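We call the chains A, B, C and D, going by the order they appear; numbering starts again at 1 in every chain.
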Amino acid sequence: MKVGVLTGGGDCPGLNAVIRSVVRKGIQEYDFDFVGVRDGWLGALEGRIVPLDISSVRGILPRGGTILGSSRTNPLKHDDGVQRIQDNLAAHGVDALVVIGGEDTLGVATELSRQGVNLVGVPKTIDNDVSATDFTFGFDTAVGIATEAIDRLHTTAESHMRTLVVEVMGRHSGWIALHAGVAGGANVILIPERPFDIDQVCELVKSRFRINYAPIVVAAEGAVPKEGELFLRDRTLDEYGHVRLSGIGEWLAQEISRRTGKDARTTVLGHIQRGGTPSALDRWLATRFGLHAIDAVKDGDYGKMVALHATEIVRVPLADATARTKKVDPSLYDEFEVFFG
Amino acid sequence: MKVGVLTGGGDCPGLNAVIRSVVRKGIQEYDFDFVGVRDGWLGALEGRIVPLDISSVRGILPRGGTILGSSRTNPLKHDDGVQRIQDNLAAHGVDALVVIGGEDTLGVATELSRQGVNLVGVPKTIDNDVSATDFTFGFDTAVGIATEAIDRLHTTAESHMRTLVVEVMGRHSGWIALHAGVAGGANVILIPERPFDIDQVCELVKSRFRINYAPIVVAAEGAVPKEGELFLRDRTLDEYGHVRLSGIGEWLAQEISRRTGKDARTTVLGHIQRGGTPSALDRWLATRFGLHAIDAVKDGDYGKMVALHATEIVRVPLADATARTKKVDPSLYDEFEVFFG
Amino acid sequence: MKVGVLTGGGDCPGLNAVIRSVVRKGIQEYDFDFVGVRDGWLGALEGRIVPLDISSVRGILPRGGTILGSSRTNPLKHDDGVQRIQDNLAAHGVDALVVIGGEDTLGVATELSRQGVNLVGVPKTIDNDVSATDFTFGFDTAVGIATEAIDRLHTTAESHMRTLVVEVMGRHSGWIALHAGVAGGANVILIPERPFDIDQVCELVKSRFRINYAPIVVAAEGAVPKEGELFLRDRTLDEYGHVRLSGIGEWLAQEISRRTGKDARTTVLGHIQRGGTPSALDRWLATRFGLHAIDAVKDGDYGKMVALHATEIVRVPLADATARTKKVDPSLYDEFEVFFG
Amino acid sequence: MKVGVLTGGGDCPGLNAVIRSVVRKGIQEYDFDFVGVRDGWLGALEGRIVPLDISSVRGILPRGGTILGSSRTNPLKHDDGVQRIQDNLAAHGVDALVVIGGEDTLGVATELSRQGVNLVGVPKTIDNDVSATDFTFGFDTAVGIATEAIDRLHTTAESHMRTLVVEVMGRHSGWIALHAGVAGGANVILIPERPFDIDQVCELVKSRFRINYAPIVVAAEGAVPKEGELFLRDRTLDEYGHVRLSGIGEWLAQEISRRTGKDARTTVLGHIQRGGTPSALDRWLATRFGLHAIDAVKDGDYGKMVALHATEIVRVPLADATARTKKVDPSLYDEFEVFFG
């Protein structure tokens, strides 16, 4: 049995932990052979197949990124994409794939599975927006980094009695913003799921100043004002049709500064949220996902994704996971209303 | 409505986050009054009741420890303990209690509730051994600290090709040892639930040296050798009848050193696992527990404990939570066998 | 003897540590009385004088920011500024001031000292650009945060083979960029002292890709291209006549992306570099500065600044410290040339 | 020109950073060849010579430990030790050595240099006790880890009003204990340079409880009570004749507990102080030491050690560095007296 391992989409702390546990258990327990597919679906299209054995995965548990490389290539947008992938796998004698990716990568996997490719999915995204699993690895690390940043901003904000805005990742969902905002004691949390009213934001900011504290505003990069005001500087589409936004943090600082008459500054955390060593929880989750994914391969239980349900790892149909993005529930957001302002 | 808040047992990162959210929501949303009961059940026995308002809880979200103090006093072991508590609460006009504690503190709460005290429990323990909840806050912080320590030990172990032993908390359950050991890539993980064979431990250590890596051994403080060998230096009983062990880490280093002929050293993490700022996840969980606990008080739904089930906060009977300690399941431990040695 | 303590300019990790050691030693050893002057020179102008005793400074050693508040107000730009300050100090019976600040704040202190105000200066700036002292506190913390960010960016950059740009603080000097860039293993380090050639930057970026590594570019916010190209979006002047720049990080990512044909992204660390708990080194240095500053007050040795020379704390004339900004020496920058590209 | 690189003694964060900069500059700028001598003087004795080139040092800057391994072997204690080393170096055509080590390793280097071996020394020790340099790399990392531990202990100590003892590294000097104790706000700091009176320690502990704070006691592992009381469990001598002590932390907790009647607990940080990624400052210092060491080799300036004087890297005679251990000056210790108790 020869198994290929592929990582796709934005990188995420914990990818290497999955690769390690898939390979360790596959070789030590099931005597499988392994190859790596480099650079996500791009490598599958182009036949970038590399050797993968136990020595390849030594020492990678605590390392961020992915030793296999990644890309955002969508093979379904390329001529004969699916056929080329099938041919490349066949040429290397690959019997099954473990596909580690987010919504987009797993969406492709769902289609490939329908067309007969033997594969098992592992959900990965710092955004936590994959359905059918309680959490994805990478998310806890990202929230931890964003929370530590907010912790740091409190003292400097108080010293100068200014507003500090933190822009965190989350183009389509506000999970990082909500978790980090709550954990960091932010006074305003803006998420894509709930378009905001800039006047109301400024009211919350001012109410904070009135009790002699300085406000911290956390904004997901995909947060948008209700009025759809023209703040976006960049609008590029990737191969999956996703808009890449930028600039909400800076726009907010300018507007808050202008409207409240008090200085406001922005921090854009960017890629430090997805780089570096995974948190202990993400390593635990990634390791377990890997162990269960290779079990599914062993069982020939293809077309499934491993998922976290409470404290158990289960298998769910890939199609369930990729049918829709997991959004922040309004009732969850409202739970924290007492802390806003 | 006047509500008392009490924290009992060993302190735990996130206690202050619970206190804050209980008080913020209780005052801002329900217009309750609050008092703090100092030093756990000891303060309840002795009437150490202090004012508690919104200004008391400003800025405490990221702080470790508990602003209310704690103790391991068991009022059921004291003459008229229950009556004295009831009298003290009545004297201060306290209508209901929010009791934040682990197995022991909540066990007392269960008994008090049976005897008519209006109270709601919040589970707290870095050990994660409270039943009826997926996780307790404090645990993630402790695992994170232990994992970071293991990360650091790998490089120094490799440089000298010696064994490094880490003793982590866990007198009755191995949750911290297992999670940190898996996340840190330990080669041997020893937990109270599974008495170990020192010869087998040394075999794993030697097999690690044979592939030119240095072994890391993680031991819960309550881990015991199968033979019950005489390694314990201290044996003191607290008021709940719990043995306080010490010395397993050092004993292991000595035995491994003697039996393998290679140097072995120990780190005893001790209280750094329970001190300091809570992780983002623990703050999130503690905050939500607090919000739901005060909701239960508002509903008059006493005798319950708030608990995490998957991603939801639910209410469970206190008696369910304290009936037995939550142990590490053997099948979960075995899941990671491929990484041992 | 009544001593006033004032913190001015941008806040900086370690300010509270200075305040604590000044007050602890002043009261416990010399039996002085203390008051705090709030919000830097603004508070001195407006007579914002508050009580300051040992209980005020309990627990503040590890806290970022300043319990006294700060401002960038320049009293020399205000009518009768110096006279108003002298009147306010006299009105509160303040015999001497400890002034903790950077270039601007200490520049004012130098002038006030010339006009007869009894004061001792303590150098503070995360930028490390105060002359006559080897280092200032706050700098080590800022470098540590920036270095950790660079560490995180390496793995995500490699996974996608893209360039990552980090914009760090440093309007007039490149100390943070140089130290963090060297410590983080950056491939390009851009500092205000040395205008850069964007073509050469892109060459270094491309040479990195050629050996299959992804480039990390560290840019001080005050770094400027040789040609003086028009990348600046904001240009505001503060009361000290300093330009506030912004946008170099984003401009670099856009240019690198356009010129190399490969994706480039930016992280703007902003105020997280100056917030939060000080590093151990900064606490050590700030504590010693405070102890020596109050000794200077005790000795009546006014018009001096405490400074670090090797491992000793010495006193230097304030005028020496504020005569000119301490720049990165070209020979120091060139020392690291072997790592660029 | 062929240069050998050797790391000896206890490992230390920053060793890899030195190796990297020595090799990078030696190859890229001077066109030297390199070999690694494995496992310190042991490898020199036994001819464990391995290839070392630029690919060997990629990515090692942030890694703890040493890719070359280390040992505490003293070749001067072995028959024909010096001759065997000279023969091995000659056999591999090694023209000069860069020796990275602490007091012991550099002591051997001093002797070898006297006997005609071409070598340059780089001072390394987390203990900071090498003379003729302001600081050694590794020290800042160790102090940072110990300080973070103390920070964590404050909140848990306060919650239970107990004493917490932290045992830190430092067999012969108290640099780590003093720096971390001051930075962490400890109430008692015990160092080898100043034998302590246990009664006085308990007085300080009690005075802390009297103002309702919980005491933190930091003890270097080599701290000893004045009376020379019998607390030592282990006494082993290494090849350099150094005693390896253990147990002061635990002994202190027992004595304090017994004498004050209040609970006291111990944390033994052990090897986590020397493992893991170096701090930004240690990477900076290690990198510069490496660059200057290879310059000295280039200049044929043998028998020297690179050293930090203020902000400059200079060369000093090896014999000056190893003549005596650098101790904590009594006047420096006394500087912080105001914080004790």
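Definition applied: a contact is a pair of C-beta atoms (placed from the backbone, for glycine too) under 8 Å apart; a residue touches a chain by one contact, two chains touch by 3 or more.
Everything numeric in this text was worked out from a predicted model, so none of it was measured.
Rounded to a whole number, the gap between the C-alpha centres of subunit B and subunit D is 35 angstrom. Inter-chain centre distance (subunit A to subunit B, centres taken as mean C-alpha positions): 30 Å.
For the pair subunit A and subunit D, the distance between C-alpha centroids works out to 41 Å. Of all residues in subunit A, those touching 2 or more other chains are 148, 151, listed in ascending order. Taken chain by chain, the contacts form a single closed ring in which each chain touches exactly two others. Contacting chain pairs in the structure are A-B, A-C, B-D, C-D. Those residues of subunit D that touch subunit B in the shared complex are 10-11, 15, 63-66, 69-71, 145, 148-149, 151-161, 164, 265-272, 274-276.
Partner subunit B is touched in their complex by these residues of subunit A: 21, 24-25, 28-29, 58, 61-62, 134-135, 140, 143-144, 146-148, 151, 179-180, 182-185, 213, 277, 279-281, 283-284, 287-288, 291, 309-311, 335-336, 338-339.
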